[in-house]
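Input: one structure, supplied below.
Chain nomenclature is as follows: A, B and C, assigned in order of appearance, with residue numbering initiated at 1 for each chain independently.
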Amino acid sequence: MASRTFVAARLPGFSTIAIAVFIALYLPIAMLMIYSFNAGDSIAIWDGFSFQWYERAWENDKVKEVTIRSLIIAASAASISTVAATMAALATTRKKPFRGQTGIYVAINQPLMVPEIVTAVALLIFFASVKVATGYQGLGYLILAHSAFCVPFAYLPIRARLEGMNLTLETAAADLYATPWRTFRYVTLPILAPGIVAGMMLAFVTSLDDVVITLFVKSAGQDTLPTYLLAQIRRQVTGEVNAISTVLLALTVILLTTFFLLTRKRS
Amino acid sequence: MQETEATREAAQVRRNWLLSLPALCLLAAGAIGPLFIMLVYSFLTPGKYGNVEWIFSLDAWRGILFTRDIFDDTLKLADAHLTIFWRSVRLSFMTTVFTFVVGFPTAWFIATRAPRWRAFWLFLITIPFWTNLLIRTFAINQIIRNEGFLNTALIKIGVISEPLNLLYTDLAVFVGMTYVYLPLMVLPLYAAIERFDHRLLEAGYDLYASRLAVLRRIIFPTVKPGIIAGSILVFIPSLGAYVTPRILGGGRNMMIGNFIDLQFGQGRNWPLGASLSVLLLVVVTAALLIYVRFANRDGGHG
Amino acid sequence: MSSDDALIEIVDVTKAFGAGERRFLALGGVNATIRKGEFFTLLGPSGCGKTTLLRLIAGFELPSSGEIRLDGQEIGHLPPFRRPVNTVFQNYALFPHMTVAQNIAFGLEMLGKPKAEIAATVERMLTLVKMTELAGRRTDQLSGGQQQRVALARALAPQPKLLLLDEPLSALDLKLRKEMQVELKRIQHETGITFIFVTHDQEEALTMSDRIAVMSRGQILQIGTPREIYAHPTNRFVADFIGETNFLRAAVKGGRAVLGPGVELPLAAGTADGEVTLAIRPEHIRLVPEGAAGALSATVGDATYFGTDSHVHLTLADGTGIVARQQTDPEGTQGPQAGAVLGVTFPPSAVQVLED
C-alpha cells in the first residue's frame, strides 16, 4: 500500500484550482498579445508572424495624437499628485496626532472608496458649469481630475516609506547643525526618494489606465489612449487594438517591476 | 529666539495643515466638492437638451423607482429600472461568491509556497491587479466574441456548428467581472492566510477533525477578516462597474453604472443620473462602514 | 565647587510631558553643575529621567521651567542646531544613504566649514576611532562596534564643547562593550571634550566616570565621584542601586547607634536621637565566633559559592536578613555550615547612616 506523508497544509484540489486560476488569468492576455503579431486580420486564426499591426498603429495619426495626450495628462497628474501627496505624507506621518488628522487621511483616500462612475458624474456636472462660466475647454480639467484621484496612489508608498524611516535620523541631523530645511533636504528627502519615485510611478500608471473619469470629463476631441481604445473596441476589432494594448501592457509591467524592486524591503 | 513647548507645538500643527493643503485642495476641487454639487443637482429639474433647470423637484428621486405614465400621469413601478438594479446586485453578488470560491484556493496555494517563491506567485497576481482594466476586459471580449478564439476552436473541433452568442449576455459580464476583480479577492485573502498559524491545522487533525472540518471550523473562522475584506473589495467595484458591462454586456445588459451614464447621454436626465449616483454612493459607503465595524471587532480579539 | 570651571549649569530644571490628567513629570527640579573636561555620568534605572535630561541639554526637548547654561549663557531654548553640543545616539542614527566619511563630514558641512578643513578633520576623526580603511563603506554594511565608532567620530568632528552619549554601549555584546569603554576613555582623554554619559549600568558608571549623578523618579539623588557614591551613599536608593547593600535599623542614643545588647557603633557628630537606617556592604561584614566582643549573633542560612568569594546569608536575632561576602581562602576551607550560629561585626567606618 502506497503511503504519502501527511502534510497538514495540503488541502485536496486547492493546487489544481490555483494553477487553473493562474492559467485563466494569463491566457486571455497572452492571446491578445499573440494575435497582435498575426499576419492575418483574424483574432482567432493564426496566419503567420508579422509586425503589420504595430506598423499600422505607428502610422495612425489618431493613435499618435491620443497617445501624446495620454502621456501629457499622466505626466502632469503624476507630478502634481506626487508633490501634493509627499507634502501630505510628511504632515500626517510620524508626528504627534493632531486634530483633523484623521479627516485629512480619509479625504486623501476618498478616491479609493467612491465608485469611479460616481466621481465621474459629479465631475461632469461640476465642470459643465465651470466650462460655461469660464469658456475654458482645455486639458486642465482632465489634469485636475487625474491629479485628484492619483493622490492616494502616490500617497500610500510614500507614507509607507516614511513610517519605516528612523525618526532619530532627523534628530541627529538637527544635532549636527542642520536647520529644519537642510534636515529635510539632506536627510529626509534622500531617504524618502525611493518611496516618492514609487508613488509617482503608481500615479502615472493609474492615470494612464483611467477610462471612466476621462470619458465623462473630456471635452470633444480630447480622447486619451484608453477612451480611443474603448471606441475602437465597439467597432470592428482589428489587430491594431491588440498591438496598442500589448505596448501599454508592456509599459505597465515594466513600471510595476521597477516599483516592486524599489519598494522591496532590504535584507 | 525664545521658543516654548506650546509655541513649538502650535507651529507644528500649523505646518501640518499647510503641508496637507495642496492635497486637500486637489481633492476638494477634483473629487469631493463635486459630490456635493451632484447632490444639489439631484433635486433639480432636467433641462431639455441635457444639463438642468434650476427648479426644485423631487422627480429625480421618485424616478429611481417609479415612472410617470405618459397617458394617465399616474406613478407606477419602473420595471426596467428594477431589472437593472436587480442585475447589478445579482451579478455583483455572484462575482463576489465565485471570486471567493476560486480565489481562496489560489491564496492558500500562494501562502503555502516556500517563502522565496511566494513573492513570485504574489507578483503574478499583482500584475493583473495593476494592468489596465479596459485591456483585460477587451481580452475576454476577444476570446468569447462570435469570431473569437473560443467559438472558432469549438467549431473547428466540431462541438458546435454555429457560434455561441456569448458576448453581450449577463454570463459574459459575470465572467468578465470575475476575471478583472479576482486579484482584489486573492490579495486580502493571502494577507490573512499568511498570518495564519499552521500549527493550528496540526492541532485540528490531532483532535480528529477531517479536512472539511478543519477548513470550516479552523481555517475560515481565523481568516474571516480577509474574507470580509476581499468580499467588500470585489463587491463595491462590481456594483459600480462601468467598463466591463459596457464592453461585455452591450447596450441591453446594463448595470447601474451604465444606466447612470445613459442619463447624461440619450436619457438627458441629469437629475436622475445624479440621484442614482448619490444612491450608489450611499450603498457603497454603508457597505464600507459595515466592513470597518467588522474589521475593528475582529481586530479586537486577534 | 568653583563656577569658573563650570561648563554646564542645570538650574531648577523641570520637564513635564502631556497635560491635564495625562501630565507626567519626567524631571522635577534638577540642579547640577558639570565641569570642563569631565566624564560625567547620569546613572539610574529606566524611566528615571536621565535620557530626558540629556535631550534637554541637546535641545531635542524644551524645559518646562528652569535654565540650562553653557559657559554661563542660557541655551535651554535654542534649537539643537544652534547648540555647540553633539550627541551619540543609542542606536547610532547613522545616515543610511551616506558613507562613513560622509556621515562624519555632515556636521562640518552644515557649519559651512571650508572643504579642505572638512577633509582634514574627517581624516583625523577616522584615525581617532581607527576606521580609516572603512571610510568609503555604507553604514549599513558595518558591524555594531564599527557603527558605534562612526557615530562617535561624527559627533566629535564638529569639535563640540560637550558630547552627550545616550546609552551608547547598550546595543553591544559584553566583550565589545568592555573594549569600547576603554576606547571611550582614551578618546575623551585625547580630545579633552566634556562627556555626559547616560547609562543604567552601575558597573559601567563606576569604572568610567569622573563623577556620577544618580537619578530616580525625575530627581538627582546624589552627585559624587564613583568612590563617594559607592562608599558613602547618602540615601537608601543610591545605596541599593549601586552594588549590594545590607540595611539595618538602629536606635540612636547619644551619638551612638545601638544595634543590639552591647553592640554600639559611634556615629558622626550631630546625629539626633531616634531611629536610623544603616547601610553596610557585604564585603565589610566580618564573621567571628559567637559571643566575641561587640559581635551580633547571627544564624547561617545558606552560602553560595562564587569562586573568588562566597555569599553567606545570615539571619540576625531580630529577624533581619543580611548577606556577608567572604573571600575564598588559599586553603579552600569550607565556609560556615547552614544552621551554625556565628557572630558578625561591622567596622564603624564601613557603616553609612542613610537619609531615608
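Here is the rule we use: a residue touches a chain if its C-beta (ideal position, glycine included) is under 8 Å from a C-beta of that chain, and two chains touch if they have at least 3 such contacts.
Protein names from UniProt, one per chain: A = Spermidine/putrescine transport system permease protein PotC; B = ABC transporter permease; C = Spermidine/putrescine import ATP-binding protein PotA.
None of these values were measured; they are calculated from a predicted model.
Of all chains present, the one whose mean CA position sits nearest the global mean of protein CA atoms is A. Using mean Cα coordinates as chain centres, the one most removed from subunit C is B.
For the criterion of most C-beta pairs in contact, the winning chain pair is A-B. In terms of their C-alpha centroids, the spacing between subunit A and subunit C amounts to 56 Å. Chain centres here are Cα averages; for subunit B and subunit C they lie 62 Å apart. We define each chain's centre as the mean of its Cα atoms; on that basis subunit A and subunit B are separated by 17 Å. Among all residues of subunit B, none touch two or more other chains.
Of all residues in subunit C, those that touch two or more other chains are 79.
Listing the residues of subunit B that touch subunit A in their complex gives 9, 12-13, 15-24, 26-35, 37-38, 41, 51, 102-103, 105-106, 108-110, 112, 121, 123-128, 130-136, 138-143, 145, 147-149, 151-153, 179, 182, 198, 201-202, 205, 211, 215, 236-237, 239-240, 242-243, 246-247, 256-257, 260-261, 264, 270, 273-274, 277-278, 280-281, 284-285, 288. Those residues of subunit A that touch subunit C in the complex are listed here as 166, 168-169, 171-179, 182, 186-187, 190-191, 266.
Those residues of subunit B whose C-beta lies close enough to touch subunit C in the complex are 1-5, 8.
Across the interface of their complex, subunit A is touched by residues 58-60, 79-82, 85-87, 89, 91, 93, 95-97, 106-107, 110-111, 140, 154-155, 158 of subunit C.
Interface residues of subunit A, counted against subunit B in their complex, comprise 6, 8-15, 17-22, 24-26, 28-29, 31-32, 35, 42-45, 80-81, 83-85, 87-88, 90-92, 95-96, 98-101, 104, 107-108, 110-111, 113-129, 144-145, 147-149, 151, 155, 202, 205, 208-209, 211-212, 216, 226, 229-230, 233-234, 237, 241-242, 245, 248-249, 252-253, 256, 260.
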